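Here the chain labels run A, B, C and D in written order, and each chain numbers its own residues starting at 1.
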Amino acid sequence: METLVADVLLTFLVVIAVGIIVLRDLLAAVILLGAYSLTAAGAFVVMDAVDVAFTEAAVGSGISTILFLGALSFTKHEQKPRGNDSWVAVLFVVVTGALLIYGTLDMPYYGSATSAAQTNPDLAVRFLQQSGSEVGPPNIVTSVLASYRGYDTLGETMVVFAAGMAVLSLLGLKRRRPGLEAPEDAPGDTPGETPADALDEPPTSRHT
Amino acid sequence: MEKIAGLYSYWVVVVLMMAGLYIMIARYNLVKKIIGLGLFQTSIFYLYITMGKVSGGTAPILVHGDVQPVFSNPVPHVLILTAIVVGVATSAVALALIVRIYEEFGSIEADEIAIIEAQEPEA
Amino acid sequence: MFIAGILALLVTMALTLWRTLLGPTLFDRLLAVNSFGTKTVLLIAVYGFMTGRPDFLDIALVYALINFVGTIAVLKFFEYDDLGSGKYQEDDF
Amino acid sequence: MFDLLIMAVSWILMIVGCVFVVSGAVGLVRMPDLYTRLHAASLTDTGGTIVIGLALIIQAVFIFDNNMAAIKMGLIVFFTLFTGPTASHALAKTALLCGQVPVDADGKPILDSPEEATLLARSRPADYRHGEDAKRIEDEMDALNKKRRGEG
């Protein structure tokens, strides 16, 4: 029963992915991406990864959708109606997929308890048996994340910080380039505005 | 038959991965490319999580009591927790770049941008 | 009992997904996705009870809220072509 | 005896909920028009969530003896009771505002044009999209301030 639920949810994911490929409207694709993340998170629950499901629901489905909508509100939301389904791309993708499927043939089956990942005495077994006494929290994922692999989490925080700085420097700073004069009454032009205010500036373009 | 049931999840992951890759290769729209990147990322998360699942296991949260249940493998969960957050950070930077590109060129179609860039005397 | 509920919910999700792909307008898709999200919440709740560890209902709670917030965000986008910066100018879009 | 009663009640609630959600999904697929689909989906969504939630609460309290789960399930039902209708209302209103014309039983549009639908959706006279509402409020405030200053 558990495997059946997981498999059906996976099939839903494939259907949604096909929908994302076929649909031309970007807004529809973004809505479908939200549904995709939500389904994926549901499947994570079925696969016992509750922490991952939490993060995927909040970050993948929530924040990511809002980010895409924000980006679309600055740009256009129609994809050009063109037949750009090239046979080369299809061939490349099919060949790559076939190779990957060939690679899965000798992998341990879904749910196998005897695969190398499950029985390695230094990884899963050790965390499952010792983390309760060594670190403390009942949630083993928390112990591993914050203690055994704490530097990983530190690096993650640094990456998120760097990404935030990159977004701010791309969008938030005042633009002064030759050839693109900001209009006199543009809100981002007045001194003392915060970068967040400048984010709201309507797009000014040379070509439209 | 057993092989199909056992490996079905991996095959689905490969199909999802290829769907994302196809969108990234064949679609010229930049936002669509990022959506494809999101698909690809999520399929990788899936690959890891399916490998950590143990049949009949439960989530790796210790319970008080004498009978300890079978737990799934917590290590992939930890790796993927990090990857999800980093993935969203990547999409955020990519979308910011797209917004800047739109301001500069007035288009988010990769081929149109190439044409516009070729027409300009100098960048 | 839980197995029956889960099967019914999976059928329901398949039907709503069909409408998501079919839906002629964006509103149909959004409605179907919203409905799909509600069904996911129920599925997770029932699944937790089926496996005998109903401690993970927090996730279902988060889903219910995220689903609502996402729907409202998309609707706001439809209405204003914007997420509400208040500086909307018709000629720019 | 009591256990049997509990099981019977939660079974009945679960089946009723399943009938709700499945009929809602069938309506979502089979109905001809956005608004009828909305009607089918939104009602059964909320109703089904409440009924299935009640079944699960009964199970949590009496079978699993897990009151925390019952409280969480109660919260889910509580939130759905509010968010479901709100989302449906917002969806219908935005659809009307964006010019989706409802049709009658024969598939004939009941309004003449999308613009009429937009006008119908705007319950307020002013065009708040372009800030005229804000301007009106500002004018009212100015008038009020002037009056106050005149008195003082």
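Before moving on, here are some points about what is shown:
In this section, contacts are C-beta pairs under 8 Å (C-beta built on N, C-alpha and C of every residue); 3 or more make two chains touch, one makes a residue touch a chain.
Note that the structure is a prediction, hence the values are computed from the model and not measured.
In summary, the chains found to touch both chain A and chain B are C.
No other two chains have as many C-beta pairs in contact as A-B.
For this pair, chain A with chain C, the centres built from the Cα atoms lie 18 Å apart.
Between the Cα centres of chain C and chain D there is a gap of 13 Å.
Computed from the mean C-alpha positions, the centre of chain B lies at a distance of 32 Å from the centre of chain D. The distance from the centre of chain A to the centre of chain D, with each centre set as the mean of the Cα atoms, comes to 29 Å. Looking at chain A, one finds that residues 2, 18, 30, 50, 70, 72, 76, 203 touch two or more other chains.
For chain C, residues touching at least two other chains, in rising order: 13, 30, 48, 51, 55-56, 58, 67, 88.
If you draw each protein chain as a dot and join the dots that touch, the picture is not a line, a loop, a star, or fully joined; it has some other shape. By the definition of touch given earlier, these chain pairs are in contact: A-B, A-C, B-C, C-D.
Of all the residues in chain A, the ones that touch chain B in their complex are 2-3, 6-7, 10-11, 13-14, 17-18, 20-21, 26, 29-30, 33, 36-37, 40, 43-44, 47-52, 55-56, 59-60, 63-64, 67-68, 70-72, 74-76, 79-80, 82, 84-86, 89-90, 92-94, 96-97, 100-101, 104-105, 107-113, 115, 117-118, 123-124, 127-128, 132, 138-141, 144-145, 149, 152-153, 155-156, 159-160, 162-164, 166-167, 170-171, 203-208. Looking at the complex, you find that chain A touches chain C at residues 1-2, 5, 8, 12, 15-16, 18-19, 22, 25, 27-28, 30-32, 34-35, 38-39, 41-42, 45-46, 50, 53-54, 57-58, 61-62, 65-66, 69-70, 72-73, 76, 187, 199-203. Those residues of chain C that touch chain B in the shared complex are 51, 53, 55-56.
Those residues of chain B whose C-beta lies close enough to touch chain A in the complex are 2-3, 5-12, 14-23, 25-29, 31-32, 34-36, 38-39, 42, 45-46, 49-63, 70-78, 80-82, 84-93, 95-100, 102-109, 116. Partner chain D is touched in their complex by these residues of chain C: 1, 4-5, 8-9, 11-13, 15-16, 18-19, 22, 25, 27-28, 30-32, 34-35, 38-39, 41-42, 45-46, 48-49, 52, 54-55, 57-58, 60-61, 64-65, 67-68, 71-72, 75, 78-80, 88, 90.
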